[in-house]
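One structure, pasted below without further comment.
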Amino acid sequence: MRLSRRIVILLSACLIIACFGISRIAKAANEPYKIGAIFSITGPASWLGEPERNTAKMIADKVNAAGGINGHPIELIIYDTEGDETKSVLNTKKLIEKDNVLAIIGPSRSGSSLAIIPTIQEAQVPNISCAASIKIVQPVSERKWVFKTPQPDSFCAEVMFEYMLGKGITRVAIITISDGFGDSGRIELLEAAKKKGITIVADERYGGKDTDMTAQLTKIKGTDAQAIVNWSIGPTQVIVTKNVHQLGIKIPLFQSHGFGNTKNIEQAGGAAEGVLAPIGRLLVAERLPDYHYQKKLLMDYKNEYMEKFGAEASTFGGHAYDSMYMVIEALKAVGPDRAKIRDYLENMKGFVGTAGLFNFSPLDHNGLTKESFEMLKVKDGMFVIAD
Amino acid sequence: MKKILSAYNIRKEFGGLTAVDKVTFDVYEGRIQSLIGPNGAGKTTIFNLVTGFSPLTSGKIHFRDTIINKKSPHKLVHMGIARTFQNVLLFENMTVLENVMVGRHIRSRCGLISSAFKFPWVFREERAIRHKAMEELSFVGLEKRAGEKAGSLPFGEQRAVEVARALATDPVLILLDEPAAGLNTHETQKLAQLIKQIRDRGITVFLVEHDMSLVMDISDHIMVLNYGEKIAEGGPREIQNDPQVIGAYLGEEI
Amino acid sequence: MNIKNIFIFILMLAAIVIFPLFVPNKYYISVMVVVGFNVLICIGLCMLMGYAGQISLGHAAFYGLGAYTSGVLCTKYLFNPWLAMLCGIIITGGVAYLIGVPSLKLKGHYLAMATLGFGEIVFIAFNELSFLTGGPSGMTSIPRLSLFGLALNTDLRFYCFTWVVVLVTVILSINIVNSRVGRALLAIHGSERAALAAGVNVPAHKIQIFVLSAIYASIAGSMYAHFVTFISPSSFGFMKSITLVTMVVIGGMSDIWGACIGALILTVLPEYLHVFHDYEILIFGVTLMIIMILMPKGLFVGAMDGIEWIKSKIFRKTNEKDTVGI
Amino acid sequence: MSIFTKILQYIFTGLTIGSIFAMVGLGFNIIYNATDIINFAQGEFVMIGGMVMVSLTKGMNIPMIPAFFLTIIIVAIVGILLERLAINPLSNPSIITIIIITIGASIVFKGLAMLIWGKDTFILPAFTGETPINVGGAVIIPQSIWVLGITLLVVACLAVFFEKTLLGKAMRACATNRKAASLMGINVNRMVMLSFALSAAIGAVSGVIITPISLMDYHRGTMLAIKGFAAAILGGLGSGAGAVIAGFLIGIMESMGAGFISSGYKDAIALVVLLLVLFIKPTGLMGKSELR
């Protein structure tokens, strides 16, 4: 009786596993160019990895459908880091040693990105990170093989404070998430504040799985702050936004560039009204003038993504978009050679991407300027360019 | 005769309920001394107090010349007090021999580090432990069962293993908590033999038992407990004729 | 060591020597290095859980303490890595002692919660003490180890180093569990009251093995820090503790070899589950549950029982007792 | 802002988050009482509750109230399935085996939720608007009142159920002595199944009421399980009242800790208190001693 039930469970499990196994059929191709990617597709930062993976896949399919790079199809190999550093390092090694890829894009998170740098440097494989922290590409002397596409946190902090100064705001409360992203943001905020002459009157933190930040915000409410800056990615941004609204805090709320997803506005409901955030132009592509150098590219990406996945594109996917096309361009120019790809990337100038205009140099492996950010404001449930 | 254990005015409360109330008694060396009384009289509680398994509320217990009120059980074993349990507590996942070998723990010294590196004296000590454990097993007549899992033995033999384990600690005083419970007549007879043999080895036996014929048969001295208080004390004959004891046991067979 | 242990040990030794010769690419060497770390922790955890019967849902904290002590001392105070590793052992052992003394008085689920809570507190400390630990972004450029002037800078060298450590640990641990101390631990697992009555100093032995298992985890942590050269708190959180316990239980916690096999399987399994993409988590969970339902004592013990069962079928021994876990 | 207002605000916040810890802790206790099992998938019931409610109201446009009850039924069925497929086949499992199995179950639920609902975060509209209510300078949002009220209602219903109804008494009998209960003609097997259904249902209720405040994604369950477990242990296993009080206590300690000491260490503060309580009283605030 007991035995038979256990056998049934065992058999059904085997069946499930077998079904999945069969559905995988390998396809052979003519000298493909192998590009590796590691994103945090599952786990606590899956909202980053998901659009990144989708975008990378979409581009690979598109290029392959158009005949590949100089006739060579792209073979895109994607691994999931689950947001975990050990897995990131192992997956990087796997891409380099097992799959023998020409370049690696990702990971999604700053922590993972920093973790894989020693491996990347040692194996000498070009890597274009999709994570924010500026530490990933600095100092360049120790980051010879590492590039990154997202705007650095320091720009975000500076753009924010410059905007505030323009509005006469000098006393600011900051509230950050305690993970790699928030931590890096917090450091940049404190530094930029010093540089720009802004006083930080409160410095609060919260955990990535917290469901209520009222306590921290109550503390902030008791200060004489003229503005609040929240620095996080994911659902916590929405909760902070709602809590600020609920507590009846009237001073403006600034969010980091992690706010770059229209879903956030939708979920925060009315509370998001008036929220300010420096973000890449992807979210306001429709409202850019036609002559803007990014307009066509952004609109194309947005429409394609919507068509293929039925969801709004986010700036995170955009980082993967930029990384992919950079590698593709390099491959087109110099062919399958890791060192040559790196050299090509380092000297790439005037590359138009979703984040802005990239001008790499041996001293700058990010290549963006503050211009790549636009201060956006939520108005009537949409992002508009703030005045 | 020398006192080996003496309790003075010991008292135990469990959340306001008095289980043992101001009991004073002595156990003399080289005897079989029994503690009897109706169910719930506080016999096992006294055993737990003596062996350090539960702390006294008040009073004093001397073992030879030392006050042992606050000593932990393993220290008392080291001093020479061993015990068995009413409902037999064996390490069922270990073999019979291993069970008895655990009893040698307190008389051996090899620690974590010497065990890990298997220094030569570890082998020597281990051999001695095994030898002594086998001796105790044959003493209780179970040398043939040494390799079997303790949990698979019949109940009577499990009890014997427990006694062997207690003996392996080299005790001077052994406390047996209802050793005859659950045994048949034949087994009880063997047990009586065994207890006498233990005494003949020079080990004092302190016994809690319900089987009156066994108690009367082997005891040198008997103490009677009722509702946590000592009501009588003396040789088997005296006790059998004590009106207070008969009163306490009214309804129960003596 | 008895014949079974010697046999399995030789098998393991052979596998470790042969593996790098036939491995298709270097990547699998680094996977095996990580397997080595997990095996190391799981051996300690197995002695704690399987032998002494004490649960711990906070062992990732000890792993992290080892890693962070090495990381901090080597990068901030420029210690020699070996000295830092030793400091890690001392600090972790000390912390384990301090938390173990009150915690190990607790039983069952209460002990589980206490260790879980301790693990979380340490995890929060890693995040918050950013002046030391670099906070949530972690710390980079931890130096590599070198042994007798030979830098352990390739995966293969680190592989050899790791597995030598593991093999030595295995021998020591098997000696321990088959000794007077191991017997005492099993006794505690069986019945604490009976162990006390037999003269076993129960609290001291529990603490001792708790500290020892913490030290194993600390060594693994230090090695991890020097291998990956980057550490951040997220590698040492609650989920890591759970994974470690799962490894030990799935492998079979009543045997050191079970813990080793559990660590191997649960580290390597995700590599293969990868082909299932988004179904990976689901299949992983289902696999866990099925193993536990079918073989509650774990794979190794289950397999051993299976071998016994087959033997008894072949030789038609008189005792027809059903020893199989199913 | 006066210190009084601040304290009041922290208490409101603490009670709101504490309600959920209390509910999860209560769920732990119901199963524990009937079976001696700690079900680490308890947090997943909350997550599934929230997600199912989102699907029913937003995807299928079912009105709030019927959707609410439908959600409870669906999640209760999930609970029954868990018990029948994973717990029932075991004979005499150890604590640790059960912990691994229920953790395995929580991984499975997480994986399924990811496949069904994707990786996005979802939200439900508040039951009665979002306009905050001002109390002595502090604000409380209507949804918090709902959360608190429903938590207390659930506690009251459970108390009545266990004290007054035959079924509840039978379940309690199982808790005290399984063998005796089965000798009395109580179907222990069915009681165990019922306890899973009941605690899953409570999980579903908390999922539905908390989603408008804290949002919900497939990844949320683990943390809730840890906090709920902490509440159950702090209160003392087996004591429903203990779990509820402990849940509120943890919530308030967290919000006070974040407000007055350090927001980074707020979880640590609650945990340190928990550890200290255990070290002084090894069976929690209101617990009886645990067998084993």
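Letters A, B, C and D name the chains as they come in the text, with residue numbers starting at 1 for each one.
We adopt the following convention: a residue touches a chain if its C-beta (ideal position, glycine included) is under 8 Å from a C-beta of that chain, and two chains touch if they have at least 3 such contacts.
This is a predicted model, so every value here is computed, not measured.
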| item | value |
| --- | --- |
| Common touching chains of chain C and chain A | D |
| Chain whose Cα centroid lies at the greatest distance from that of chain B | A |
| Chain nearest the overall C-alpha centroid of the shown protein atoms | C |
| Between chain C and chain B, distance of the C-alpha-averaged centres to the nearest whole Å | 40 |
| Chain A and chain D, separation of their C-alpha mean positions in angstrom | 34 |
| Whole-Å gap between the CA centroids of chain B and chain D | 48 |
| CA centroid of chain C to CA centroid of chain D, Å | 32 |
| Multi-partner residues of chain B (each touching 2 or more other chains) | none |
| Shared-contact residues (touching 2 or more other chains) in chain A | 6, 9, 42, 178 |
| Chain D: positions in contact with at least two other chains | 89, 114, 264, 267 |
| Interchain contacts (touch definition) - all pairs | A-C, A-D, B-C, C-D |
| Residues of chain A that touch chain D when the two form their complex | 2, 5-6, 9, 42-44, 46-47, 50, 178, 204-207, 209, 211-212, 214-216, 218-219, 221-222, 234-235, 238-239, 242, 245-248, 263, 267, 269-271 |
| Chain D-facing residues of chain C, complex | 49, 55, 102-103, 105-110, 112-114, 116-118, 120-121, 124-125, 127-128, 238-239, 242, 245-246, 249-250, 253, 278-286, 288-289, 292-293, 296 |
| In the complex, chain C residues that touch chain A | 24-28, 30-31, 34, 127-128, 130, 135-138, 140-141, 155, 224, 228-232, 234-235, 274-276, 278-281, 283, 286-287, 290, 293-294, 326 |
| Chain C to chain B touching residues, read off their complex | 172-173, 175-176, 179-184, 186-187, 189-191, 193-202, 208, 212, 254 |
| Chain A contact footprint on chain D (complex, rising order) | 1, 6, 9-10, 12-14, 16-17, 20, 85, 89, 91, 114, 118-123, 125, 130, 132, 138-139, 141, 210, 213-215, 217, 219-220, 223, 254-256, 258-259, 263-264, 266-267 |
